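First chain written, first letter: the chains are A, B and C, and each begins at residue 1.
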Amino acid sequence: MRFNFMFGLFLVSIVVLAALLAGVLAPFDPIMDADLMSSELPPGAPHWMGTDAQGRDVLSRILYGARVSLLVGVVSQLINSTIGAALGISAGYFGGVWDDFVNGLTNVMLAIPSLVFALAIMAVLGPGLPSLLIALGLTNWSWTCRIARGSTLSLKSQSFVLAAKAAGFSDWNIMRTQILPNIVGPLLVIGTLGIGSAVLAEAALSFLGIGIRPPTPSWGNMLTDARELLRTAPWAAIFPGLAIFVTVLGFNLLGDGLRDMLDPHMRTRRA
Amino acid sequence: MMGFVLRRLLQMIPTILAVVLIIFFIFSVVPGSFLTSLMSEGRNMTNADVLAQMNAQFGLDDPIPVRLWNYVSGLLQFDLGISYRTREPVTSVLAPRLWPSIQLAIAAMTFAAAVGIPLGFMAALRPGSLFDSLTMVTAVSGLSVPEFWLGLLLMYVFALQLGWLPSFGYQENSLRHLILPAVALGVSPMALLARTTRAGVLDVMNADFVRTARAKGVSEPRLVRAHITRNVLVLVLTTMGLQIGSLMGQAIVIEKLFSWPGIGSLLVDSVSVRDIPVVQGAVLVIVLWFLVINMLVDIAYALIDPRIKVA
Amino acid sequence: MNHGQRHDANPDPILSVRDLRVQIGRKGPQILHGVSLDILPGETYGLVGESGSGKSVTGLSIMGLLKRPLNVSTGTIHYQDQNLLKLGPRARRRLRGDLIAMIFQEPMTALNPVASIGTQIAEMFVIHRGMDWTTARQRAVEALDSVQVPSPEERARAYPHQLSGGMRQRVMIAIALACRPDLLIADEPTTALDVTVQAGVLKLIDELCRAEGTAVLLVSHDLGVIANMCQRVGVMDRGRLIEEQDTAALFANPLHPYTRGLLAARPRLGSRVEGGRKRLTELDEIVPQGARGHDSPTLVTPREVRARATGAPA
């Protein structure tokens, strides 16, 4: 399914462009252009996606919201991938007590739903962008860790790793130069899918009022306000949600496509 | 069989302990207590005597190891502490929230299974067809859609525009209140089930024993019914079980959106006022639900699939 | 181990395949290039050849179990006096298992993992004999007993994973012979088995089929198995049946160069391998260039060979 990959890439590119060019593309200021005289206007010129209760342009807020979503999604997933890969590779490589410990920790992390865990961390750290990055970055690494550990276990006994060992490479060197490059593929797949879930989680936390705080626009907190306006201004609910949907769909398709390309077994199974 | 169940029960204990530890430390190590947050909200708590009295009442003066010990030993007697906000035992705060949450999880799963499994099955019987492609598009969309947005849309269409269903709230034994939140929550497990079922059926259809069944002269309907279904069932039931297990955690946003009085909305409300004992209790319930359901799935798995040894 | 009755009275064949062609998709490459063979009642007919020569495809075509995109493009398969390829799916299905049965190479995966052995055998009696399940299960135990599975009542309640490979293949034989078919297609029935149990399974097939007068189409790449089991042998190469002879004649006097290569490539018990690898004959080295060309394999009859040898026109 090459189509999956291309379509996912297309959607993600749109979102990335929106985030980068928000300052140029947005017709209004997302925060300052509040005007109660033009509140809850339906879509139409000059507000192509209508206005919210404070008369702010929904389109402009969505464009700026893309920055928050992508930033949180990418950075928190990077943290997750780093933690997961480090724990997984070292556990698989060294084995023993360390492996048991990491395994146990992973099982515990799988038992606590990551959104619940993130919620608890947010409760301690308080709302805001830095807390979000930490909360989401610390709570969704268990799958990465499992995959990294499994792959490392099967790589460990292969000849090139044994050869590197025999040549006197340090453990750190072997993990970095022999094992990591060989598991980049699966990690990339999980990472891409993980960005999608992080975008969803950010939206959910912001929707609950403990993520990005208003007036900074985030797709999640735009939906909080929109709930109250549902009867009179449904567009204020439709468009931010659509933005989340398109972004997550893009990353999911991209991840699925990557997996199909990297894993020939999966591809034949689908054919 | 009893030994198997017992062993699975014992296996849960370290996980539960670890969860308790993690949650406890998250809330103990970081500065800023419930009391200071109350003060920051400008409530009448600035009186030092009151503060000291409350600290003593909740045992907040004790060093952390003592507090942890008290908490864990309380836990063993099903004592989860006292809510900062309502001064009630946490167990009695949690208890009335449990049934609505379970109801929602079961209803969402029922919807997911009723739609997702047939979709996946039919898609797999005609791989590559238009129906198959549409099902897979639906599945990946279902996994990408934010469920609270879907909830908002459902609310808009079915409650505000059509007026068929109540837009939020909970009434005991009211199916009408249950439908919208259950559908919104059920869409993502539905998509996952459709995918899993399809992959499972395709896998099984290519298996050697299906060729054997054909060579025996088994008719196609009987082949699907008696040979394929049973083999896919194991996979599908496992997916379903794991999904029900994590649904209580996934439901927090939907519960909040639909003002559903479950564990999830309790958790959100308690987090925002830093009612730590209740937060700990709610997280513990969500984790326990996950672990118990997982255990039940394992047991069911052992009962269905003869390949699993139960010794 | 040969069957008692030979084709002395030259009876009508029980199965008659004519010009069978199988291809991939509508316009794809051909897999079978016009195979014709007859199987006489009660005989054991061996089909040998390398993997990929079309032996299994021939067997699956007769069963009507080709997997898409493989399909029969032309040819006829006559069973008694009906062309199987002209039968509707229902009629075809009724024949399958009842009158023409098949056992496969992989006993580990060929049985349904979540159904008990007894149920899987009993299913035959239920679909083809219309028995109720209780009676069918009792018959299944008898069937297990007849394939010499020890303590059959207990085994009937067991699941495939609890049985060894040899036992599973016996179960497959019990299933295949449950309805006393006229023809059994055995596709590499012992290839996946441990060497120590191969002989027992073959002996079982031979004895049961001889007792019931069941004809066997034995597909194998193992010439030793073929030599022990079959009255007649067909040799296949790249989708063609290139030689067909009585077993003894084939081994004594292989006509086709490819067959000679096949026989030479067979590792003989007791023959010492000298000088390591080099002495192991590779087919490509032995068969003359022309014989391995793309459309060269043709059916060679004894008369042709004699003609070639004497230089006279065939």
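FYI, a residue touches a chain if its C-beta (ideal position, glycine included) is under 8 Å from a C-beta of that chain, and two chains touch if they have at least 3 such contacts.
It should be emphasised that the depicted structure is a prediction, and the values quoted were computed from it without experimental measurement.
Peer 1: More contacting C-beta pairs: B-C or A-B?
Peer 2: Result: the pair with more contacts is A-B.
Peer 1: Among all chains, whose Cα centre is located farthest from the one for chain A?
Peer 2: Max centre-to-centre separation from chain A belongs to C.
Peer 1: Taking each chain's centre as the mean of its CA atoms, how far is chain B from chain C in angstrom?
Peer 2: Using C-alpha averages as centres, the distance is 54 Å.
Peer 1: Taking each chain's centre as its mean C-alpha position, how far apart are chain A and chain B in Å?
Peer 2: 21
Peer 1: Once bound in the complex, which stretches of chain B touch chain A?
Peer 2: 14-15, 18-19, 22-23, 26-27, 30, 32, 140-141, 143-146, 148-150, 152-153, 155-156, 160, 199, 202-203, 246, 248-250, 252-253, 256-257, 267-268, 271-272, 274, 279, 283, 286-287, 290-291
Peer 1: Can you list the chain C residues touching chain B in their complex?
Peer 2: Residue positions touching the partner: 63, 65, 93-98, 101-102, 104, 106, 109-116, 123-124, 127-128, 159, 161-162, 172, 175-176.
Peer 1: Residues of chain A touching chain B in their complex?
Peer 2: 104-105, 107-108, 111-113, 115-116, 119-125, 196, 200, 203-204, 207-210, 223, 226-227, 230-231, 234, 237-238, 240-241, 244-245, 248-249, 252-253, 256, 269-270
Peer 1: Show me the residue ranges of chain B that touch chain C in the complex, using the header's touch definition.
Peer 2: 207-209, 211-219, 222, 226-227, 230-231, 234, 304-307
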